[in-house]
Structures are given as structure tokens and as C-alpha cells.
Amino acid sequence: MESSVLSLVIFLPFLLSFPLFSFNRAQHGTARWYALLSSLLVFAGALYLALQFNPSSGFQFEHTALQNWLGDSMDVKYSVALDGTSMLLFAFAAFMFPVVVLGSWERVTTNAREYYFFLLMLETCILGIFSAVDLFLYYMFWEAMLIPMYFLIGVWGGNGRGDAATKFFIYMLTASLVMLIGILSLGYISREMGGTFTTDYHKLLQLELPLSVQNILFWLFGLSFFVKAPLFPLHTWAADVYSESPTGAVLTGVLLKMATYALIRFNVMLFPTASANFAPLVCTLAVVAIIYGALVAMSQPNAKRLLAFSSVSHLGFIVLGIFSFTQEALQGAMILMVNSGLTTGLLLMLVGWLEERRGDVRLSEFGGLKKNMPMFSAAFLIATFASIGLPGLSGFIGEFLTLSGAFKSTTLQTGLYAMLAALGVILSAAYMLPMVQKIFTGELTSERNAALSDLTPREILVAALLVAMIIWIGVAPNSFLKLSETSSQAVIEFVTQKSASQALAK
Amino acid sequence: MQLELNHYLWLSAFMFTVGVVGVLVRRNAIVIFMCIELMLNAVNLSFIAFSHFMRDIQGQLMVFFVMTVAAAEAAVGLAIVIALFRNKQTVNIDEINILKG
Amino acid sequence: MPNDYLLSLPILAAAGWSVLLIILEAMLSRAALTRVFAMLGFALVGGLSVIGFPLQGLAFSEMLRIGGFQHFANIIFCLSGLLVVALSEKYLDDENVHYGEYYIVAFISVVGMMLLAAAANMAILFIGLEMMSIALYVLAGLMRRDVRSNEAAMKYFLLGAFASGLLLYGISLIYGATGELALHKIAIAIQTGSASMLFWIGFGLLITGFLFKISAVPFHQWTPDVYDGSPTPAAAFMSTGAKAAAFSALIVVVTNFSTLLQNSPTWSLVISSIALATMVVGNIAALAQENLKRMLAYSSVAHAGYMLVGIAAATPDGYSGIMFYTLVYTLMNIGAFGVVALLESKENLLLASDYAGLFKHRPMLAGAMAVFMLSLAGVPPLGGFIGKYKVFAAAVDAKLTWLALAGVLASAVSAYYYLRVVYFMFMRDPVGEAISAPATSSLAFALIAVAVVLLGVFPTEILRITDAALKFAQLPTQTGF
């Protein structure tokens, strides 16, 4: 059934962003309330879609427009839809935006309306990324996202913001331009294999690409996603960008797992045989990332950089989950994508608030904060536990599924990856807990720390929202897992079948 | 000796080459301009030669256009050189080098 | 034949209008009035091209070839002229060179561009090219008391005339090899016989002449100096209208010889290498520029490289991509040059760092400039991206994936220097007092910026037009007569 409700939800933030300019430039109060209401409205729309969503069938809410967008010789169009893989992340993205608006409530006071303008633009791009089912359209959203991200980091970030923004932009642009060549090649290959130049996802899924072609395209596409993810050894931009960005930009732009989603959606589905062949290599990189990220995180003196590397480490789990090619691991990866956004997001936001109060995030500057900031400490502790993967919280279920799935994986053939990755779980405790210890325990040595005030009611609300989600996923993962269950199953079956038939053909 | 097409073409090519080399090695703007004129006249010669030996009128028509255009070009070019000379008191292109980077 | 007049009505109207402008200026000598009439003229000629769009055929003893392609090109030239004239006044006033002749010369240059694109015969090609170029030499040297402008004009003139000489010699050799000056007859002569060495040398010289005009590497050295010294609006005009005209003529020539060129691996290799070198050299050199006019000059070299990728692909899609590209490029580059001119004219602010904090004082202007810069960098959803997409797609289609890959990497490099401007405008605090500029011009730039965005999001209709427009340019020998 054709209906434009999905498109409406995607472009709602875009449409709602323009009235911002009618507000008085000096008044940031109105702008933020307006942004909050707008993002809540979008979330309501996403929630509506999620409730209407039928987990047992494939793509839904399809909407196509702009046939032959780029002239008649190319079958390129505007086409969006959601399936189990994207629904969860779509709704989660819509959930995060009101949280982000609340999170940057006090922090953004200069040029507030432009800040919220770019934030809403970013939301449209991200929702578009999760729902595009045309490669060209996907690419448009994927690159367009760089523009609001660039401004959010560069204008409202920390001291090194300009360089961080440029670094982010150039890294992402270079990688995605390579993907553009991949998209073009794929389009022309589809024409050669009978038919027209197409970037339609459904049509491309039908192609039986020769393995040699798959191998090349896998990397042309993959490079972009691995850089964005970021996967070791392409992670070098991450620490700078994390530590210089305003909290909001990091949360939405970097932590929402657009790249890992894209890996499933495009790399795995379009090039199944190549994906299965490269799985050991990619998983090796993932395991290296897990351990390397954890080891580097241990030695970071700065809380934001520590979290950046912990996120590199978490990313390794997600990639491992995807490339294990078992349904269990894939489901685990899905949950981890959400979890990483929630826990690292909450931690970064908390650290951001600390920075607002204290003007510093070096661990050596702190100590004994639990005495004067009890609420802050509690929230921080819960997020830390979730990040480490304590049972009952969201991190546990994701890591457990991923590891057990990877252990059983027939593609990887050995449980070695899972075992090494499990080491990462232990290491994560080894860098997270000392951080908590340094910040919160001990005596209040410095007067400036003693003067810090605890969370405001608004901040408590934000933290409580995220903590509630963390606990909800931890206690009742099924309400989330069932969204992606059928489609994960479908992904695994599709890949197994395709790569088996190609192996047979050889 | 009967003059053939090739003789004209070689002369034309020679004149053209002299013009090109002049443009590349000379430093006086007026001389460079003269070399460019030499190139154009070399072209005219070849047009006329082709036209004559192929019994085709188009080449000669072209020559008139070239001469007209060359005249217009000379008018503008010399005006530019004069404007420059007024400001700089030189037409040596090695000394005209404010713009660089 | 009256049909001929109808066919070439835009060109005739433009030529007539330029005479009218001359008379007007001679009688009244009021620059502001001439300016208004020049703008009216551009609008009129552009409008005639829009109305006459479906008309096609050869006119005046097969001297002119008119079709959708030519009409589309005319519209680009008129758009370029119109925008440049519209944005010139303040700059010229501030530089004290506000002469009515400026508008007349610009108009005559557009007549030359139109002839160039419509040329079906080498004679017209040469006349159109010279008409355009000589007018541009005058524009470059307009600030005749400014030694920088003198120098720019002289460099442009000497190198331009030199390039014309090469081109002309090429024409004469082609004439000698085939006995024809009409493009389609030359093509027939080559198809029936075979392309001799003489023809190839002539063809090489002809193309070299064009490469000079579009500032392709290694014939690009004049570009930064000329753009730097010329009045900024004139530089905008050279980089958009003149470049579009040279590309139009180049497309006409290469489509005319398409059967010959498609079977020539050397041609493909040569033009691909030049495209590659142009993209790489243009972008790398632009990285080092502090002065924005020079930066934009090298950026225009790089953009010529992207467009050459479409020529190297040698497919209708590639040519249609170039046409779309020139349209977008005209808008975004005039926008960028216009902003530079606006800030340059009063306070001589030319460095990227002079733009620090522009966003604080002039948010709309800064926003528009950011759109131009990002579009030049080729970031979706802006028009510049679609242009690049089309030419690179054509290259991949023509099995030149390596060229496309090099092209996208070069354009990733370009993002760095475009972003530098954005960086200063938005992410630095202003130094010194506020930069002043009239509010109306901000609005004009905002409109151009909106057009650039719209071309990026809804390119479909324009792409249909460019695809269709090429049909006629594609089939030179099969015209109904």
C-alpha cells in the first residue's frame, strides 16, 4: 500500500526547522522549546509507525516519488520503506532527538535557533538514512548529513572545534565518495546484466553478482562504513571529534549506528558471498578493535577521549555480531547498536554536564564527587554498569547474544574470535571502573570540585529517560528483539543461501 | 621550378614555428604580439595555398575573416599595451609580475 | 529563407540589441541606463531561446546549427551575463570604473558565445570565439589605471591570441586535409576517406586552442593571474559564461567527429589524462591559495577537469552531464565570485581569514556563501553534486572507472579549501569592525543559493532537457534538408 506517512515523518523535522528563523535571534528560550516540541512530534510519528509495524513481514510503509530522478537513462528515484532491521533504529533515532534537545538545554545559548535548525536538519538526514531503499537516495542523505554535523561540531564545539569539524568532514567525504563510485559501478553492472541502470535496492538484491565483482564492491562500499563506524584501523578521527563536539552532535551523529546498520543493509545483503568470505578478516579487525580500543581507553587521562575509545571497542562487538552470520549474533548486534547509543550517550552527556560546571574533563582533576553530586554519581554508575555489560542492563543482553552467536558461527568456524572478544568485556571493566573510582570516590580534595552542584531537575529527567530505556532493554529485551527478529532471520537465510549457491556454482 | 602546395605549406609551417618560438622566448610585449601576427599570417598563407590548389573558395573567404579579426585584436591588444605602459613605463613582461602566488 | 531568421532569432536579436546598446550609450552615455537595457537584453534573448527551444535546423547556408543544445547554451550565457551585470554595479562604482561600455562589451561577448555554440562551420567557430575573447580582454583590462588589471589583460590577451593562432592553424590543416570548413562535411569527408596525419595534427591544434580557453592543464597558467587582476565580476563572467561557451563548442566538435573519436584509443587516453591532470593540479594548487580570487581561479581549473571527464567519457550522458554542470556552475560560481566582489570592493578583503565572523554580522550572506562553497565541493543535496554525479557516472559507464575514482578523490581534496572559507565565516570570531554590505544584495545571493539547492534536489526536468537537447547535436549529418 502506498502511503506517504513515512516520508512525512522523515521530512517533518526539515519542515519544522524553518519557522525557527522567525524567532528573535537573541531569545534562545523560545527556540529550544520549539525544538523540543518539534522533536517530540517527530518521535510521536515514529512511535506511531513502530506500533503499526508488523514484525513478521518485510518492507512496510513504502513510498516512492520522483521517478527517473536523474533523467530517463537511470532508474533512480526517491523511495523509502522500513523493515525490521531499520524500524528499531529509526524509532530509536527519533527517541534520541528530544533527549538531545533537553541535554543541550543550558549549554547552547548563542545562536540557539541555528543550533536547533541544524539539529532538526540532521534528524531528517538520519531518519532518511534509516529508511532509504534506493542507493542514490541513501547516498544523498548519507552525505547531506555531513553538512549539519559540520556546523554543529564546528560552531558549538570545544576549543579545537574548527579542526575537528574539518577532520570529520574530510574523512567522511572521502570515504563516501568512494562509495559513490561503488554505487555507480553497481548500477551499470545491473544494466549489463539485463535491464537498466538502477539503484533500486529491491532490484539490486535480485542480481547474481559474480564473486570477483562482489569482492571489489564490498570494499568500495565497506570503506565508507568502516570509516564512519569507526572500525580499527580507520578510527583515527574519532577521539578528536568526540572530545571537541558538543554533546548533541556526538550523540546523534556518531553514536546512532548508521554505519553498522548500513553494513547489514548494503554490504551484507548486496554482496553476501563476499561478506561471508571476508568475514574472518573483518572479524579479526573487530576483535583487534575491541581489545585495542579497551587498552587505549585505559591510558586516557581525559574522560571524553576515554569514552571515544570505549566506543571504538563497543563497535568491534557490533561488527563481530554482524559478520558472525548467525541470527543470535545479529540480534545481539542490533541490541548493541541501541545500547551503545544509550550508554555511551548517557555517559557523554553526563561528562558534558560535568564539563559545563567545571570546565574540565581530565580525570586527575576530580575525586570524591559522590559526596556533593549523589544523583550525578548514581546515573553515571548505572551507565557504567550498562556499558560494562552487567546483567539486567542493556549491555549484557547484547554482548551475550553476540558472543554466543559468534562462538557458534559456522562462517567463522572457530570460537576463538568470541573468546578474544570476551576478553574485551573484562577489559571494559578495567577501564570504566577506574574512571568511576577516580571521579567519585575518595575525598573532595579541590575546593572547585566541592562547589559543584548536583543535577538539575531537567538533567535528572534526561538521565532518567535514558536509564529507564537501559533497564527496560536489560529486563525485557524481547519487546525490542521481536521487531528485528524476522528480518534478522531473513538476512541470515538470504546470505547463507546466496553464498551456498555461489559456492556450488564454483 | 614549379611551386607546389608543399612549398607553401612548408613556408607556412616555418613562419608559424618562428611565431610560436618568438612568443615563447621574447620578452617584449610588442614583439610577442608581432609574433602572434606572424602566426596568423602563416595560417593565412596556408589557407590560400590550400584554397588555390584545391580549387575551393572557402579558404580564401576564411582569410578575410582572419584579417578582420586580427585587426580587431590588434586594436584591443595595443590599447592594453598602452594602458600598461602608462602605468608601468615598461612593456617587458618579466617586469610585469605583480600577480603571482 | 525566413525560416533561417526564425531559427537564429536569439542570435540576431542579441546582435541587434548590442548595436542598440552602443547607440544608447553614445547618445545618452548613462551607465545605469545602459545597464538596465543590457539586463533587459539578456532577459529578452534568454526568453527567445526558451520560446524557440523546439526549433532546430541549419541556417544561413549551413553556417549555423540551431537546436535544443544551442538554445540551452544560450540560456546559460544569458543567465551568466544577467547575473554578472546585476552584481557588477556596486563593484564598478567602488572601483570608479562604472562605464556604460562595460555592459556593451559584456553583451557583445555573449553574442560571441552564442555564435560559438551555434557554429556549424569553422569560420563561425573562429569568429564566435574571437568575438567572445576580444570582448573579454577588454573586460579584464577595464580598470585601466590599475596596474594589476593591465597586467591581467595583457596576459590574457597574449595567451588568448596565441591560443587562437594555434586553433586557427588547426582549422587550416583540417581544411587542407578534407577540403571543407563545414563541420558536418568534414565529418563526412573523413568517414568516406580516412583521417590523414594532416587531419590529426590539425585536430590536435584545434583542441589545444579549446583547452586554453577552458584552462585545462597544462594550458591553465594564465587563469589565476587573469582572474586575480581582472575586475571580480569580469572574472566571474570568464569562469562561467566563457567556459560554458568553450565547452559547448568542444561538445559540438567532438560529437561531430564521434564515430572517428570513438574508435581512437589515443584520443580517449589523451583527453582522460588531461582531465586527470586538470583535476589534480587545479585542486592541489588551490589548497595553497590564501587569496580567494586565486583560490576560485584554481577551483575553476579543477572544475574544468571534472567537466572534461564528461568529454573523456564521450557518451550522450557525459555531454548532458556537462551541460547540467555548466548551468549549476554558472549559478554557484557567480554566487561565490559575487560575494567575493561584494566584500572586496570596499575594504579590499580578499583573504579567507578576512571572512572571519561574517556569520555574526551578515548571516544570510554567510549562509549563501556556505551553500556556494559546499556546492562547489560537490556535497549533496546541492546542485554541484548532481553535476559531478552525472559526469562521473558517464565515466564509469565508459569503463573509465579509474578516472572517476581519481575525480572523486580530487574533489574530496577540494572540500578542504572550500570548507576553509566556511570555517572562517562560521567558526571564527570577527576581527575588526563589522563588514558592511547592502541588504538587497544579500537577498540576491540568497535567491541564487536557493536555485543551487533546488537544482540539487529536483534536477529531473533540467536533466530531461539536457538529454533531449543533445539529440540534435548528436546527429550532425542527419538533418532534414
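Here the chain labels run A, B and C in written order, and each chain numbers its own residues starting at 1.
Keep this in mind: contacts are C-beta pairs under 8 Å (C-beta built on N, C-alpha and C of every residue); 3 or more make two chains touch, one makes a residue touch a chain.
Here the structure is a predicted model, which is why all the values come from computation and not from measurement.
**Q** Count the C-beta pairs in contact for every pair of chains, then give the pair with the highest total.
**A** B-C
**Q** Closest chain to the protein's overall Cα mean, using per-chain Cα means, please.
**A** Measuring from the global C-alpha mean, the nearest chain centre belongs to C.
**Q** Between subunit A and subunit B, what is the gap in Å from one C-alpha centre to the other?
**A** 65
**Q** On a C-alpha centroid basis, what's the spacing between subunit B and subunit C, in Å?
**A** 26
**Q** For subunit A and subunit C, let me know how many angstrom lie between their CA-based centres, rounded off.
**A** Inter-chain centre distance comes to 42 Å.
**Q** Considering only the defined contacts, which subunit A positions touch subunit C in the complex?
**A** Residues 66, 68-74, 114, 139-140, 143-144, 146-147, 150-151, 154-155, 161-162, 165-166, 169-170, 173-174, 177-178, 180-181, 184-185, 187-188, 197.
**Q** Quick check on the complex: what are the subunit B residues that touch subunit C?
**A** Answer in residue numbers: 9, 16, 19-20, 23, 29, 32-33, 36, 39-40, 42-43, 46-47, 50, 54, 56, 58-59, 61-62, 65-66, 69, 72-73, 76-77, 79-81, 83-84, 87-88, 93, 96-101.
**Q** For subunit C, which residues are in contact with subunit B within the complex?
**A** Subunit C residues touching subunit B: 122-123, 126-127, 130, 134, 137-138, 141, 144-148, 150-155, 157-158, 161-162, 164-166, 168-169, 171-173, 175-176, 179-181, 224-225, 228-229, 289-291, 294.
**Q** Under the touch definition given earlier, write down the residues of subunit C that touch subunit A in their complex.
**A** Counting only subunit C, the residues touching subunit A are 317, 320, 363, 374, 377, 379-381, 385-386, 389-390, 392-393, 396-397, 401, 404-405, 408-409, 411-412, 415-416, 419-420, 422-423, 426-428, 458-460, 463-464, 466-467.
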